[in-house]
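A single structure is presented below for examination.
To keep things simple, chains are lettered A, B, C, D and E as they appear, and every chain counts its residues starting from 1.
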Amino acid sequence: MNPGSAPAIFLDAFLINNFVLAMFLGICPFLGVSGKVKTAGNMGMAVTFVMIVSSLCAFGINKLLVRYDLEFLRLICFIAVIASAVQLVEMTIKKFSPALFRALGIFLPLITTNCAILGLALFQTAREYSLVQSIAFSLGAGAGFSLALLLMAGLREKLDLADLPGVARGAALTLILAGMLSLAFMGFAGLGG
Amino acid sequence: MKMKFGVPPSGGFSEDASATSTVSHARKASRDLKAPGGSRLKAELRSVFRGSFSHGIHPAENKQFTAGKAIRRLPFPERLVLPLSMHAGKPSVPLVRKGQEVVRGEPIARADGFVSVPLHAPASGVISEIRLMPTARGPRTLSLILDVYAGDPQEVGYGAPADVGALSPDEIVTAVQNTGLVGLGGAAFPTHVKMKVPEGSQIDTILINGCECEPFLTTDHRLMLEQAADLVEGTRILMRAMGAKRGIIATEDNKLDAVDAIRKVLKPNDTVSAMAVETKYPQGAEKMLIKSVLNREVPGGTFPSAVGVGVFNVATTAQMGQLMPMQRGVIERVVTVTGPGVQRPGNFMVPIGTPIRWLLETCGFSGSARHLIMGGPMMGGTVSSLDVPITKGCGGLLVLSEHQLTTEAQMRRYPCISCAACVKACPMHLNPCELGRLAYKGQYETMAESYHLNDCFECGSCSYVCPAAIPLVQYFRIAKSSNREKAAKAS
Amino acid sequence: MSKSEAITLQTFTQGLWKENPVFVMMLGLCPVLAVTNTAMNSLAMGVATTFVLVCSGFLVSLLRHVIPKQVRIASYIIIIATFVTMADYLIQAISLDLYQALGAFIQLIVVNCIILGRAEAYASKNGPLKAVVNGAGMGLGFTFALLCLGVVREVLGSGSLFGLQVMPDAFQPWSIFVLPPGAFFVLAFWLMLFAWIEERKRKGGKAA
Amino acid sequence: MSDADAMEIPPQPSALRLIATLGGIAVMSGLLVVSTVQLTAPRIAENRRVALERAVFSVLPGAVRRESYRVDETGVVQTEANANLYAGYDESGALIGYALEGAARGYQDVVRLLYGFDPETETVIGMTVLQSTETPGLGDKIIHDEAFHENFRLLDVSRPVEVVKAGEKTEPWQIDGISGATVSSQAVGEAIRRGAEQREAVLTFHRADRADPIDPTDRTEEGGTQ
Amino acid sequence: MSEPAVQLKTSPHLRDAHPVDKIMRHVVYALMPICLFSIYQFGLSVLALIICCTLVCVGTEDLFCRLNHRPSTAGDWSAVITGILLALILPPSFPLWMAAVASFVSIAVGKLFFGGLGFNVFNPALVGRAFAQAAFTVPITTWTPAMVQVRFKEFIPSTFTFPFASPPDLRPWMDGLPIDGFTGATPLALMKFDHIDTEAAELFVGTVAGSAGETSSLLILLCGCYLAFRKMLNWKIVASVLGSAALFSLVFWLKSPELYPTPLFTLTSGGLMLGAVFMATDMVSSPVTPLGIVLYGVLIGVVTVMIRLFGGLNEGVMYAILLANAATPLLNDLTQPRIYGATRKPRRKEAKA
């Protein structure tokens, strides 16, 4: 597969260089919201959604900034525009689909200040992705985040019923699990190359 | 006396596949009594031809001790203990005083409302006491103590012939209540209540449950052989009372001689028929049997009437066929006394209220055995005292050996290893593995909400196969009662 | 000046141990995991974050009476982003290699919860001097945590420290420690160690 | 504390005030950023140049001066921005070769490299890895491994290069792979193989260039390598 | 009649199950022929490897139980299985000190950290190997030839590498061996990078290079059959792993036979057989629901072939099983069996009785 093609970019962000497990983006929600499978599913959806929105925003803004030679304002503009875009989307959802809002709503404000979202915008800019590539990238990143989150939530739910030793309580358990997931994901290295 | 286990049965039903496998396992079985009950392949082939439910287990049948032994009547014991609540529902209300003389068959307690039954004197004698006595169910309950007159001819002095054919369904239900009949299959639920067809339901089939899937027990088997005519008569009464078009007497295919015996008393083109289903535990559970015979599933939380079926035990039905035409009451029942701990096992017709101590002494109780079970080994309970009496719901007395007990105790507890054996065994298709893990952490509500705890009917198949020796059924009982208590507190 | 303006030693040391942003508050974990494959990267990241913490704390504190409540978060984010951009360019000017090794994570300091958290919870309520001292303490705590990981990962994973070989030639490096799984494992190890120390202290305290 | 509390008592400030505050902060932040950029820009440019030259000179042994071009489907043009082709000259001003960029997917991620190309002999004369995330201790040997780099002192690229097992190189167009890191070695080979078209363009350009020699010193002043 | 001390117990009063320790013991028996064959193939070094891994696994289990003042669970044989399997999936030349590290990680991090037997979410032996693969990337991809003549006389030089030191280069030793043309490549590597096919018959009896115990698929299959027959191993997992792997690779083989291996090659090469028979079947880390078990197997089969054909690695069984382990709780959740009577319609049309 050509590394620049959309499927390759999707696969890369989804499995090979998984956003959470290999790139270490969005660790806070990964540790914080992975206790229950159901919440994890909703969170995954919300993040994927915000990723697509902010990827589009970032793409547009970057075009403008480059046109006017203002690249040094990139970071400030990204963060401001993404935050307001998410705010806008949040209000829209709240108005038109209360059910969707209940599922995603509580996560949206949290997500805005999350490295995965800004990281996505920064990486796609640094790698000079086209619009199609950017969309593939955000879909892959969202899917990768959701997959990691769901697997983690499943494992943690199962371990809720285990006789864990004292040292394995809390964050240490989640981190060891994340390490093992990360080990397992190493198997995908070079996929499609 | 040393018993050999796993020897092929001597009775006329050795067509059964377990015969071959019990031989091959004889060496092992003689040690620990645990031969699996049949070659799996054969069992599966067989189930292609005979209806069956999926999952379930094949415990060693061990019925050969008593299957060939005809029902024998024993002399009367000196005193009988008659608990006023030996059935499900409200306890009966005594009609007699202390010191009052009673005649065999006389009503001595009346039903207290609809979900309750009367009690009849199982022997002529005198009521010597009315006091709290231990029962198999556990708590001490109010019981009538009847001192039997020695040397009395013990004629049944009550009842009069009646034309059952002339009664309306409602009149039949009342007449059945007057006989004091309850489910003799074990649940002891008043039979007439089950006969009352619920509003909006229609019953098309009466299913007579002769599976007796529990190992060791042979009560129902002998009844089908020896009281086939009463059994068919009872079936017809049930069909008429409930408006069913047909009656099916179903047994397991290790009792094909019983099918033959019943077919002998059937008319050509009869609306009643007899058939055999696969030998497998818990084939006798009504939901499983309905699935096997009619391929219908009783929805969770409902009764068989929801799928147009009424299920009654063979012993219940045979008693009905016997008692209804004479309008008499239930005063005795057949009990299998068996197991490596008794010297003279057999099937006995005993008066209700016979203390088990007396019964065991009569059968040659070795005394060292401590593992005493009322009912079968899969669902029966141990008893706290030898003074508890045989009640209407008790069809078996099983004494396991000391050796059996110690091997049992030696089986070490391990954490669940997710081997899925229990999932493959559960006839309700539940997930005992997950239920067990939840129970271990006391998450009883989750068990009921997400894992169908309340659909578990406690057959014990899961515990039977668990390599980690996890007391799954015990967990589930605790969980259910904890949930019930919580619900009661909340309301 | 009220009493609360007094700067105590605790203002500074708070972030080092008792409220260590990484080990105790579990904040800002992405950079902690991502850039600690060498001690040098850890140090640079720590210094950059401290720089942003101190500067933004100072400015937020200065403007705390000017900024209306309704727009405070937006203002803080702009202020933080400004300093992050400055740090970004400064690092590029200092060393391109370092800049490449840290990748996008310098810019991601913007969303590091530690900084916004400090601005909101501390700088907006305290005087500039106090905010600076507290920010420096927090930054030092963060740098300490980064170095905890960085040192272990570099020594075991590459046999060197700050780029200098410290292990004998024959030493077999354990490359897992510079790979992603190693980051999770080492952080888990430190958390367990600190939890164990805390427990010992508590038990010791009780026994005494 | 007390005055902070006092500040919160006044009700809703006017929208104008909110906008003014934000605007003020934005202006201030703009000023800060712009002055930082101004201050650091020369240093950054210098850093970039040094890094680039280090890379270019390392793949073109003996080179001390470079020129930047861009090569794509349309041919070769001289440019400083977006350059991806560099000509290297030695002290006497003689052309040593061209440095080209190459990329291919490795074990973990894309491997980007720069290699020196001698148009006269059509050989690769040096290689350096610009970017790789290959496994430390295994794939990352492509960066420093002496034996591996020996392959690129004189590699015939007039025909497709091949990567073979370590120690099995018999032909000048073959690369001795690194054992245990076949994938990474293959990636390097692939990156060079893929450059064939570019090299074709460079060759055309080079021949035209030689036919019509221009004084290289003039060009340097126009191009503003500083 | 004496009054017997009646014992109160709840039903069921009978059980018929092989106790856990017995199951584990029989798995050890089943592994013995594979161990012997691999010692026969690779010689003393493998013997040392198996002993080392087993001792460290059991020792670690015992040690931590002691440290926690709990009764030791080292006697339940499960740590022995972990040790033996771990040894069998390491290269014969793997230095013992690294094998000891891997064994320690298997038991300490892969098992006891989660609460010991029954609670671990990943296959402990594979956790150990995955750790070693990421930590000691070079030694774990260094292969030596099978059946070298001196295998019962001397150890492979790297076996007794000094702890924490890197192993010596094996090339001089291999050059001194009276075999020619050995490239140190496994059949999978030959296939992947050079498209050289190895005879399936050779693979079936296992006279090729590879991890200690992964080389004779025939023997592995036979030992697996024994366990399946004794109902100590779920053949459905084995069948769905092998079936899906064969089917998936068949598709690609039909498309371009010169590029992709035959399904038979896929099944018999590398660790697929050992993984499918002994490691995917570890019940603790696999699902319990009937459908979940099949999906789990298919996931392993498909991911293995995917990694082999299109990934950077030439072998993917280990990662495939670890990923499937990670997905096990979700699979269990999603495939809860339809319980008896869970029908919407209260009354179904009567089927033929």
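Going forward, a contact is a pair of C-beta atoms (placed from the backbone, for glycine too) under 8 Å apart; a residue touches a chain by one contact, two chains touch by 3 or more.
On a predicted model such as this, the values are computed, not experimentally measured, just so you know.
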Touch-network distance, subunit B to subunit D, counted in steps: 2
Centroid-based (C-alpha) most distant chain relative to subunit D: B
Most centrally placed chain, judged by C-alpha centres: E
Chain centre separation in whole Å, for subunit E relative to subunit D (CA means): 45
Centroid distance [mean C-alpha coordinates] between subunit D and subunit C, Å: 32
Distance between the centres, which are taken as Cα means, of subunit D and subunit A, whole angstrom: 30
Rounded Å distance between subunit C and subunit E, as computed from the means of their C-alpha atoms: 42
For subunit B, residues contacting two or more additional chains: 415
Residues of subunit D engaged with two or more neighbouring chains: 29, 33, 37, 106-108, 135, 137-138, 183
Subunit A residues counted as touching two or more neighbouring chains: 72-73, 76, 163, 167, 176, 180, 183, 186, 189-190, 192-193
Those chain pairs that satisfy the touch definition: A-B, A-C, A-D, A-E, B-E, C-D, C-E, D-E
Complex contacts: residues of subunit E adjacent to subunit B: 1-23, 76, 115-119, 234, 283-290, 293, 332, 336-343, 346-348, 350-353
Residue ranges of subunit E touching subunit D (in the complex, touch as defined): 137-138, 141-142, 183-185, 189, 193, 312
Touching residues on subunit C, where the partner in the complex is subunit D: 2, 4, 63-71, 74-75, 78-79, 81-83, 85-86, 89-90, 92-93, 95-97, 100, 125, 157-158, 173, 175, 178-179
Footprint of subunit D on subunit A - complex, ascending: 3, 12, 16-17, 72-73, 76, 189-190, 192-193
Touching residues (chain side subunit B, partner subunit A) in the complex: 415, 437-438, 440-441, 443
